[in-house]
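Comments concern the structure below.
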Amino acid sequence: MSGAVQTALASPAGPARRAVRDPLIASLVGLCLAAAAVLVVASPAPYLVNALGQLAAFAILAVSLDLVWGYLGILSLGHGLFFAIGGYVCAMHLLADGVAATGVLPDFVQFMGWKSLPAYWAGLDHSAYAFVLALALAGLVAFVFGLASFRSRVNGVYFSIISQALVYVAMLLMYRNDTGLGGNNGMTGFPLLFGWPMGSPGAITGLAVAALLMLAAVLAGTRLLIGSAVGRRMLACRDDETRLRTLGYSTTRLKLGIWCLSAMIAALAGILYVPQVGIINPRVLAPDLSIEIAVWVAIGGLGRLGGAVIGAILVNGLKFWLSAAMPEAWPFILSGLVLLVVLVLPNGLLDLVALRPRPTWLRGAR
Amino acid sequence: MADPKRSLLRAVLALCWLGLWAVPSSAAAFDRAAFAQDLCGDGAAQVRGAEDLVKAGGVLPADDLAYAGRLLGALAERRLTCPADGALLLDRPGAPEGHDALTSAVRPVADARAPVLGLRQRAAVETARGVVALLTGPDPATRGAGLSVVERRVATVPAAVLDRARDAETDAGLKATIAGLAQAAALSSPDPARRRAAIAAVAASPSGAAEARLTALKSDPAYTADPAFRAALDAGLSRVTRAVTIGDGLAVLYNGLSFASILFMAAAGLAIIFGLMGVINLAQGEFIMLGAYATYGVQEAFRRLAPGLLDLYLVAAIPVAFLAVALVGIVVEALILRHLYRRPLMSLLATWAVSLFLVNLVRVTVGTQNLQFIMPAYVSGGVPLYADFVVTWNRLFAIGFAAATVVLTLLILRRTPLGLDIRAVTQNRDMAACLGLPTRRVDRLAFGLGSGLAGLAGVALCPIYSVNPGMGSGFIVDSFMVVVLGGVGSLLGTLVAALGIGGANVLIEPISGAVAAKVIVLVGIILFLQRRPEGLFAVRRRR
Amino acid sequence: MIDALTVAFGRFTALESVSLAVDAGEVRAVIGPNGAGKTTLLDVISGITKPVSGRVMLGDRIDLTQSSEAEIAKAGVRRKFQKPSVFPALTVRENLEIGCGPALPARDRPNRIASVLGEIGLGPRTEVLAGSLAHGEKQWLEIGMVLAAEPALLLLDEPVAGLSDSETAHTAALIRALRRPDRAILVIEHDMGFVEAIADRVTVLHEGRTLYEGSMAGARGDARVIEVFLGR
Amino acid sequence: MTHLTRRSFVGTAALLAAPALIRPSFAADTVKLGCLFSSSGTMANLEGRLNHVVRMAADELNGRGGVNGRQIEVVTSDPASDWPLYAQVGRQMLQQDKVAALFGCWTSVSRKSVLPVVEQNDGLLFYPLHFEGDENSKNVVYMNSPPASSVLPAVDYLMGQDGVGAKRFFMIGSDYVWPRTINKQLKGYWKSKGIPESAWREEYVPFGFSNFQTLVNQVRSFASQPGGQAIVVLTVVGSSIPDFLREFANQGISATDVPILGLDMVEADLEGLDTGKLVGHLNCWAYLQAAKGERNQKFLADWAAYVKAKNVPFSADTVIDPMVSAYDSVHLWALAAAKAGSFAVPEVRKAFAGLSFDDPSGYTLTMTGENNYVSRGVFIGSVNEKRGFDVLWQSPNAPKPVPFSPYG
């Protein structure tokens, strides 16, 4: 019974294209900056601004997953957890900030019968501390989970399944009312953003611009990483981890480092997402959402940072549009899109653009 | 509003209470019209009518009882309507005309009220119907059903009713039960000997309620005053307590077993598809859902073509669901997964898309509502087995189903040519191909087998869960945990893991609540898998 | 160096009490029919598989069975896999750069890479993706990768499998050129002509046990070896 | 910029502009109403019906000439049971489609998600569900009752002589704010009546929980303890309701032993159950299908005809309270808009004061202008054999809603 399982354990036959010399990323970074400038100058309808800001947050999330999946061969089906950590800490910050400004306790705190915010909320009204805490917490959780998994060489589909269980457990925990972060209803009703009333055009534009700039920064940063010696080791590790280990590299350390980095980028996406939608609840921890992140990446083009961005923006943009315009058709379109990509365009929609011919070795793979 | 007729009835009752058996029962004692009026009255009147009947049950003549039984039955089944004068019995609820309760004349139902029973009234009516059935039932089954109602509300039933029933009973088993009940009813009798006998009788059929009844006696003055009473009570109580503890233990075992069989059924197909073939099939939950819908299809076909055999549809659905879902699986394999065997993570996404598609296809074509299933007697209700331990048939069905699935699947894998081929291909695909095995076909059949097992799970779940398009999504994380924990490729491992997870959940749940139980178990599995990724039963192999 | 090694997979015993000593400066060939345990032996030495019992000593101090793959590699053990294991997504140069190992300072790498490129003869194809190399070129690239770290013990698993005659001859010459007094080379191979051309001594494994150890000529004369392996 | 970049830029621009392009342009003779009910995901079976009811009510109004001389156009969507998407779609409807009012949300969390959006845009959301109360936004019309004016009468009934004289209470709920709030208020209420804490138990289960064996065992043993009649106050939601009822009946516990007061139980939850063994269990809503009166008969007939005519994928003969509440809310909005002579939210809101509407339940709905709550009647229903509820008790009039509970 080992044959099939060995196949399963093999690293994904992802595309081996070199993102390093990819003009796409430079273009996308430029596009982000241009879009941010347009938002500031032209100030379109708040709905569009907000949607664009959300798409940018999703794109960051997709990049974080592509970093570990496309470049390291680790498919996490639990990235929603890190996204949620960023989102929850951000929501706590916004509420704590609101309490400091208005003195009114959030309704879930009143519901729990607490007279003030619990002790572990201390300091969360300071933005810098909250920001660092969100990233550090995501990094820490990723570190503990990654250390346990990578050291015992949990690989491939096993890692995917266990990470899915992890996010599922987190969802169950957060749904519990007694966990103390709003339970099913989560946290909502954020009053202020840096002193601006939430939902004012200024706040909306500011958030969207911040998300776009962050996306540009994340893209540029990850591109540098991919182009470095570490990036080459990541590709080596993805394609043949044993080989890399027998050449004297500690793949555990490599994977752990990138995994934690990816988790922190996902948390960053969560931080940017929550003030834009105005709510965080355990729903973001549903295993389905984490699978969907992988779907964005696969549709755009696995192992291409630009592909992840395009996939996230395309799928979510379509979702925003179609859930109002053609509600019945959306699930069918999404499933059709996934099947199309998986079967016909193994490198995602970027195959359509055909930036360069497929490498010969990939044609051989069935 | 003192009604002379009712006063008379009261007087008769009072006499009965005093045990004056000499008073001959007469038709005059029971006023049929007044009874009908009571049942047509307000809630208080209904309760009074029913309770009075129960109290008089020891002496009323059989035809009066039968008359009362008809009215009570009609009231409970909403076939009793009340025009201004008297009461009408309908053949079915909402019929346009009915028989007058007193004269049996057919009258139209015009301007009539159909009283709805409140809970208190319902309880009283139920008891009264039970008494009537016990006393006038034509066969032991009817009388037994009546007895079981009387048993539940024995505190409200006078001893005279039980005595009359015991004396009249011809079925030896029933007679003994009634005698025991009558004995137990004497817990507060002034006669110490009868009291002790009652304690023993109560202890003879232990339950939580019996425990509460006996425990209450500890504050009785006799407990300190009468050593014999004390000894009898202590003995009875310890017997009941032990039995209740054992019963609760059995219940935990049964609950664990039934949860485990559901887990196993959901995971068995996955154990083949993932364990043997390495494909992560995220559509497995939807295959279960399709199995349940296939079962529904079989039910509807039976309803149209063979209504007489409708109760057998669940059995007939077994092969249908298996084949239908296996076919779907084979189609999915042939169209999609065949191209993805070397890319397991892509097959994961592809099956996710398939699951999304299937859910929405069913949603659009059949609708989102829960499907209506007819539950044959063999999967509904339950039987109290010991103390408070009730064996519910639907869960037993699932347990039996799971057991049969284990045996059959092992037989298929170990004893049939297909099983041999599957094992050969999955162990060494290239070698098997060299030996001339049609590996493509074997893949397809193995996938069909795994899908078919999911279809069977759908059949087994119909009597337990609500069937709707989204029902499959809840299984996916749990069943993957079962398969991975058990050890990939080991069907027995899957079984052991299902038993372990089911048992652990049921054991922890009463302590920490359902949510925390699930969290604790899952975290435990995650930690275990991180230490031992190959699971419980996997063979060590070259990596 | 290898002492009473036993490896089991489930109920199947792949190696049973195998002992073997390879000296510095020696080229040792391990031969044996399919399933004899040859690749398992390399797996144990390179740390991929842990034995049930026994030790693998590198020098006097390091027990390789107690070390991780990366530690073993750091101790100077390099392995070329049976299936050419190069990184297809990287260029030839990048493959060799990784082959230098994490310890080599970045400024020394270009020289090392240049010298290895010369040795394996892939100089003209430096910037080609390894995934698009021909089979023989991949074999040489992999040898280059393991050479780049200047290993003390070199493990070669069927280096000429699937190569043409001229490529085999080229590889044999390459391996002979690799012999150095401070380096031991352990080769697993089926091709008897090739073994004869490169090996100082041979060890014959059969069903997880050592059947013969000595010169290739001796092996050809040994009755048991002939029976299980050569004589067919 | 390279060719490629230009292409993706055009693509992105088209994508963002698309929502505006595909919608019919704003016509002067229509007024738009937006629906936020999911037709896919976990809430689809319940929420999906409400889209159609809103359409039906709008058709009815349009047949009478519309409102303020304009025809009503209903814009529907599918937030797919995904809470942030409710906010997203709501924002789009308010800003892009300029809907005059939103009708939507079932779960508390979806309402909480949309709440900031309607407040920021000064929109109007009609919320058709009974809920946990303790909220009073000027941008939300709470069509259904908060617990203090619906649940307490029902519990009172069960504790009284007409009910079962309940003394002990086993509360089982899904683990979120609505069940917990209800139970908290109930406990406060019982305390105020001098009932000791030992007389109740509280258990919560996760969403979608279905293995109720252990809990039913616990109910049985709780009920067998001395201290008086026990009842179950059931606040589980969704698929947990039929699963609990099934296990309860299979273990042979009937309503006359331990009655269940299912606070979220509707006719749709009984679909697929053999209710013969469940007869007598109770629910409590502001409308029951069995409500008497011609208005209800007409509503039921209208719905059945609408289902048939429009090929609606829901049962023609099942009507549940939120459907009627959604229907009522369209009419209330129309009355207010007509009274105000305007569709502007502040004007419409002012017109709420003193509004009344005779709805299918038989009661007259009224609004006071003190808050955006609506006075509704209270029904207690009793499960019958036909997968429906009989009216067991109904309040003599429509009690004034109490947004903030006095009990905890």
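Chains: A, B, C and D, in written order; residue numbering restarts at 1 for each.
Going forward, a contact is a pair of C-beta atoms (placed from the backbone, for glycine too) under 8 Å apart; a residue touches a chain by one contact, two chains touch by 3 or more.
Bear in mind the structure is a predicted one, so any value in this text is a computation, not a measurement.
Sort the other chains by how far their Cα centres are from that of chain B and give me the top one.
Between chain B and the rest, the longest centre separation is with C.
Tell me which of A-C and A-D has more C-beta pairs in contact.
A-D
Centroid of chain A to centroid of chain B, CA atoms only: how many Å?
Comparing mean C-alpha positions, chain B is 45 Å from chain A.
Express in whole angstrom the distance between the two chain centres, defined as the mean CA positions of chain A and chain D.
It comes to 34 Å between the two C-alpha centres.
Just how far, in Å, is the C-alpha centre of chain D from the one of chain C?
72
Enumerate the residues of chain B that touch no fewer than two other chains.
Residues 360, 364, 515, 518, 539, 541-543 of chain B touch two or more partner chains.
Which chain C residues reach two or more other chains?
Residues 48.
Return the residues of chain A touching two or more other chains; collapse runs of consecutive numbers into ranges.
In chain A, 172, 175-176, 328, 331 touch at least two other chains.
Which residues of chain B touch chain A once you look at their complex with the stated criterion?
Residue positions touching the partner: 274-278, 280, 282, 336, 339-350, 352-354, 356-357, 359-360, 364, 423, 425-430, 473, 476-477, 480-481, 484, 488-489, 515-516, 518-519, 522-523, 525-527, 529-533, 539, 541-543.
Going by the contact rule at the top, pick out the chain D residues touching chain B in the complex.
Residues 39-42, 44-45, 48, 158, 161-165, 175, 203-206, 208-211, 213-215, 217-218, 220-221, 224-226, 239, 242-243, 246-247, 249-252, 254-257, 259, 268, 271-272, 274, 277, 279-280, 282, 313-315, 382, 384-386, 390-393 of chain D touch chain B in their complex.
Which residues of chain A touch chain C once you look at their complex with the stated criterion?
Contacts found on chain A: 16-18, 229, 232-233, 235-236, 238-240, 242-251, 359-362.
Along chain D, where are the residues that touch chain A in the complex?
1-2, 4-5, 7-9, 12, 15-16, 18-19, 22-23, 39-40, 75-80, 82-85, 87-89, 91-93, 95-96, 107-109, 112-113, 115-117, 119-121, 134-135, 174-177, 180-181, 204, 206-207
So in the complex, which bits of chain A are touching chain D?
Touching chain D from chain A are residues 23-24, 27-28, 30-31, 34-35, 45-48, 50-52, 54, 107-108, 111, 172, 175-177, 183-186, 188-190, 198-200, 277-279, 281, 283, 310, 313-314, 317-321, 323-325, 327-328, 330-331, 353, 355.
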